[in-house]
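Look at the two complexes coming up: subunit A is in both, with subunit B in one and subunit C in the other.
After this line comes the complex of A and B, so read on.
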């Protein structure tokens, strides 16, 4: 009897496979939502709102999870059937399971005090999960809402494609602006629109209903109009008008910048009349228009070789550089500081990109060179080491110390590179990690304290002085960093297709073959280490004078991991990838300050995710990156390191 | 293939040898002058030695996990240090109520066993889950991909623990029995705690050795380490064997974690990192993939690191030498990898795997 019931049950279980799929995806995403709740992330998200006073970001996030549970479940079920009933069954069930798990958590937390174990299992969490309802009615609401979102996840795939894209882009856009609300608001304030007057877009801690509509409209409209715009821009007239507008905008920005610059050095110029400025602008605009008119490809003779006419390339580059130059003035002091940090990480990322991305040497101790750059600058420019300071040997200016710091970092790159020349892959990673730790421990020890300050660090590092103006603020330092980044990008761009770059990439693909092709592994590896280290040292020097004080704890492994993470997210060996990676991984956490303590949680998850789902990065290098060569039957470690 | 390099003397080889000799000279001169100075009595050295043995026992247990995983997958399980951390971290929530209710004092052995069991269970679960979720899909991927995944997983687990359970130190309660019992030989104190740690670790290692050598599962693990494809042809479930390997490594790491917590009294989310790297050093010291080698490496590094700072540095008059004990371990890792990448004991597995 018993056996028969069990058998029946098993049969039912086997036949109910859509439910099983739904259960599985529900459990996975429900687990994710439980983790978000217990790790305190929901509480932080709850402090932000998508729609002011109506929809908190935490609720939106949970809804999104249930939605994805539904989509995932329906995607797996669709592999086996196209019938609607099992699809919707699986989707609804998986969404409902997310809701069920959350309500179980709510019940548990409200009944049992678990705060000794889970720090975030607080009444606040209960309040948040119940949406302020009494628990008895919150449980069915959670389950039903979850199920509904799951069903929506299934239904999503049956919407027309254009609508889906319009709604999708609109929603992403909406979510992004809500998430970056402070940044957007500060930007608007900087353009002379005080917060009080931003009621059209923002309300409470989120967007206003009008704001939601506007942003959705912008996103949807962009998707809808894009193809038309593109087509129009490819007609001769459209291109002429588009390029003229672009060029004039760039010229205008350049003139604004020029004016600022002139005003700094020659304040009397403020009295130069408006007419002169207007004339200047009009003159250059006319010149640009003439240039456009003379540009052959524009007159319909588009050559196949160029994807864009030359004048468009010029205009794009000119506008981009001008905008980047204008950026610190647009965003104000606080966000300029963020830009500075991003710039420093771009420098380091480009350096590590040479070592890891071009040459394929996974260096986890990369922060060591950053530290060497910073400490060299600190040592040479401050007067900490008295025995040298009294003799007048140190106390240099930043400009004198900078090249020395870069050279020393490069030298350290070579020195640390020599012992690891024969190691490959993971051994190299661990040993370089060890180097990084050794450098940090040495900086922290009493041994070198008289020179570099031990745990107290080096204080009072002077700022770079230009003319007689010290570059104190984040806005002035931005230009220094910007120029360094430009230089380093230029070097990277030139190196990549050069003989050296090709040798590195050959080495990356297969060392043995590269050696057989006559590439001298030792010198090319050392060169990669040296160049990478030099870039990092360059960033370190700026970092030291930017902060005016450095401590050993600023140079922990986490920096190396951070840099590694950004080049992996951007795409190994891809130069724009580094910039994009830095913008996302360094910029975003600065905007979302309250997530600071979760930063490494995200990085860790991101590294795993990228390796599992998108090892080539979000902006892959043109040449597909291969991590090494798998040799069939012999195991991946066929060659002795 | 490395042979070709070694025959030709490159300038870099000379530099490497120069650095090696300089370090050797530094260590020798330091040792001689410390011993000549005679500041430290024999019982100081003795207690450092016992401390080193206990520490080494813990390293050895962790190192086994690295070495076994490397043996079967040829990857450094960077997240092993978090497997090590997770066990005692969760077990803290078991031992603390036990201590508060007084059960720990009444039944110390039972409660410690319970703690140990919980820790081992947690670490095993984590290790197996990690393998299933993060490493198995990447088994065919090029070599650096799983390594980067492991690094990511390591950070993810660390900070997941931090955000779930808070960033504060979890202070292990004192176990009266272990703390208060000790014997004296002359002025040298031998604490029961250290003896227990060493004995427990040695027992577990002996058990593991017998398990690997004598049981069918052990044989399967060895054959998978030798050649996965052939092992599969012989009817061995490779996936399952790899999971078992992770499970065993995890269990040992969990046990090591509890011993660590008893010795150093506190656990936090970052506690695994340094012991993890050092245990990896031990695994390399003994020859990676070599199980007795990892045990040897563990004790070797434990003692080296405990005696080293005082022995090598104080003769040079370097202030607060113990600050540099991690430097010793890392330098050792680098030196071994340069001069003897197959480890001090040589490798039991095929040479090609180093």
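After this line comes the complex of A and C, so read on.
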């Protein structure tokens, strides 16, 4: 009898495979949600809201997890059957399991005090998970809600594709704006719309119901209208109108910008500005129309290589550059500072991209060159140096010190390069790591204290002065950084498809064969180190001047790691990838400041995710990327094999 | 006057003598094969010629220039190019880029001219590109120049390796088992390609090969190595009938 029952049970267990799949995915994503709860991330998410006073981000996140559990479960089950019953069974079960795990956690935390181990297992967490309901009724609610989300996850794939895309893009939009609410609100304030008047979009700590509708509408409308817009834009008339509008928008921005910049240095221009503006406007509009009229591809011949008429490229680039130039004025001082930091990391990233991405030399002490650039500038320009002996000899302007800083950094790159010429891979990484540490220790040492201040650092480093106006604020410095980034991108773009870039890449791929192809390894390795270091030194100099004071602690190993991470995340050897990486790794943490203490967790998780899902980076070096093809709004299609 | 001349070349790895007092000549314009059982020291000798290894004894001269002690990149500049037994392309670079790397030492662009984008540079790049396309045409890879090298089928990778070697404008081309792993049709194509290399590019060709059909079909002369020692040298017919060669390949005939 006993044996028969066991056999029956085994049979049932074998036949209930959809339930087993559901169980598995429910446990995995439920585990993720438990982790989020116990690591305290949920509590932080709870402080943000998707819909003001109604739906907190934490709740939305948990719902999303249950949704994905259902979707994953149904995706695995669908490999074996198309019947709806097992699909929905698995999906609902997996969602419900997420809910079940969460309610178990709630029960546990409310009964047992585990705060010695899990700091975040607090009554606040319980309140958050129970949505304020009494525990007795919260448990079934959690399970049922989880199951419903799981079932929704299954149903999702049965919705019409267009609707799915529209809803997906709309929801992603919604979440993005809710997540970046601070940034968006600051932006609007900066455009003369105080927070009190933003009630249409925002309410409480989240979006207002109207805001939700508007954002959903924008996302969905964009998806719906895009094919029509594309088709219209490919007709001659549509293209002409589209390009004209784009070009004029760019021109308008350029003029606004010009005016504001002129006013900084020449306040008297205010009285003539209207005339100047009109004249410029008319002149450039004529020039633009001429350009369009003369552009042969516009008359129907699309260049095969670019698949876009030349004029569209020109217009896109022009608009982009102008928008970037306008950015600091749009976002205000605080976010300009963030942009400056991103820019500095882009500079360093582009430098390290040459060393690691192009030449394949893993350098973990990259911060050293940043430090050398910063300290050279500090030493040459600050009062400290003037005091001790060289009064009158140094105390240079930033502009004089900058090239010296770049050259010294490049020289340091060569000096580091010489001893490590024979090393590869891991060994190279270790030695360069040591080099980075040595430079920081030197900056901290008593030996050099009279010159560079030891632990007290260098203070009172002057700002760059342009004309008679020092570039004090982050908005002014933005332009300096922007131009530097443009220069460095230009150099990188020139080098990549050149004899030197090819030699670097060949070295990266196979050093022995590269040498047998006539490439002199020593000089090309040193060249890579020097160019990479020069870019970093360039960033260091601006950094010193921007902060006015530098300390050895500013040049820790963490910076090298950050720069390396942003290259990996963006895509090894990819120039746009560096920018994307910097936006993600430097920009995003600034926007999500509450998560500051989870920064490293975020880095780690992101790196693991990247290695598993997109080892080539977000913007791989070897893919033609066209604007609009890959929208952020495609949404997470979490179907893994 | 021999184009490549090796005298008493000896290369040891620890106690193992991989190449032992090897004497060897190649006349300009010849196709010469080096054969022998596995581990006979053929590739080791290749590596000595191209500067990957430094022989302990003996001398190698190319067009009267001593090669021993020169680095691989110098030797390439002198006019020797090679392919590898296990294909060694630059896998994550495009087909075209692979060939362009081969032209490295023929180009003059430097950091300054590249950053400034001088007209000379543009002209040079254009010439290099044309030359690379011509070579790809020659080996039959035209139209695939934007493909990543790693995505090419096996036979095409072998041909790309030859195109890359040709790009450095060598006078002597070293081919290390060019037909390894190929099917009969690909082997025919490769033999044809090697003959055309001599006929149309005027190259001297030195190849390691296991396939007797290829060796006997295209070589002017054949040299046989066994345990690092040269055991025979001569025309294909002479080698085919040489008892020592047969012994090295098939073992001594046992009389039962």
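Throughout what follows, the second predicted complex is superposed on the first by the 585 of 641 C-alpha atoms of A that agree within 3 Å, B and C clash if a C-alpha of one lies under 4 Å from a C-alpha of the other, contacts with A are read in each partner's own complex, and residues count from 1 in each chain.
Operating definition for what follows: a residue touches a chain if its C-beta (ideal position, glycine included) is under 8 Å from a C-beta of that chain, and two chains touch if they have at least 3 such contacts.
As the structure is a computational prediction, the values presented were derived from the model and not from experiment.
By the touch criterion defined above, A:426 reaches subunit B but does not reach subunit C. By the touch criterion defined above, A:456 reaches neither subunit B nor subunit C. By the document's definition of touching, of the two partners only subunit C reaches A:517; subunit B does not.
In the superposed model, A:234 lies in contact with neither subunit B nor subunit C. Using the contact criterion defined above for the overlaid structures, shared-chain residue A:40 touches subunit B, although it does not reach subunit C.
By the document's definition of touching, of the two partners only subunit C reaches A:500; subunit B does not. By the touch criterion stated above, A:137 is placed in contact with neither subunit B nor subunit C.
In the overlay built on the shared chain, the residue A:491 is in contact with subunit C alone; subunit B does not reach it. More subunit A residues lie in contact with B than with the other chain of the pair subunit B and subunit C. By the touch criterion stated above, A:527 is placed in contact with subunit C alone, subunit B being left untouched. Under the contact criterion defined above, the residues of subunit A that touch both subunit B in one complex and subunit C in the other are 512. Of all residues in subunit B, those touching subunit A in their complex are 1-2, 5, 10, 12, 15-16, 19, 74-76, 93, 134, 137-138, 140-149, 151-160, 162-167, 229, 273, 277, 280, 318-320, 323-324, 326-327, 330-331, 333-334, 337-338, 341, 351-354. Subunit A contributes residues 35, 38-41, 116-120, 362, 364, 418-423, 425-427, 429-431, 433-435, 437-438, 441-442, 444-447, 449, 512, 522, 526, 557, 561, 564-565, 568, 597-598, 600-601, 603-612, 615, 626-630, 633-641 to its touches with subunit B in the complex. Against subunit C, in their complex, subunit A makes its touches with residues 491, 494-495, 498-500, 502-503, 505-506, 509-510, 512-521, 527, 531, 622. Listed in rising order, the residues of subunit C touching subunit A in the complex are 50-52, 71-73, 75-77, 82, 84, 88, 90-93, 97, 100-102, 104-105, 107, 109-111, 114-115, 117, 121, 125, 148, 164, 168.
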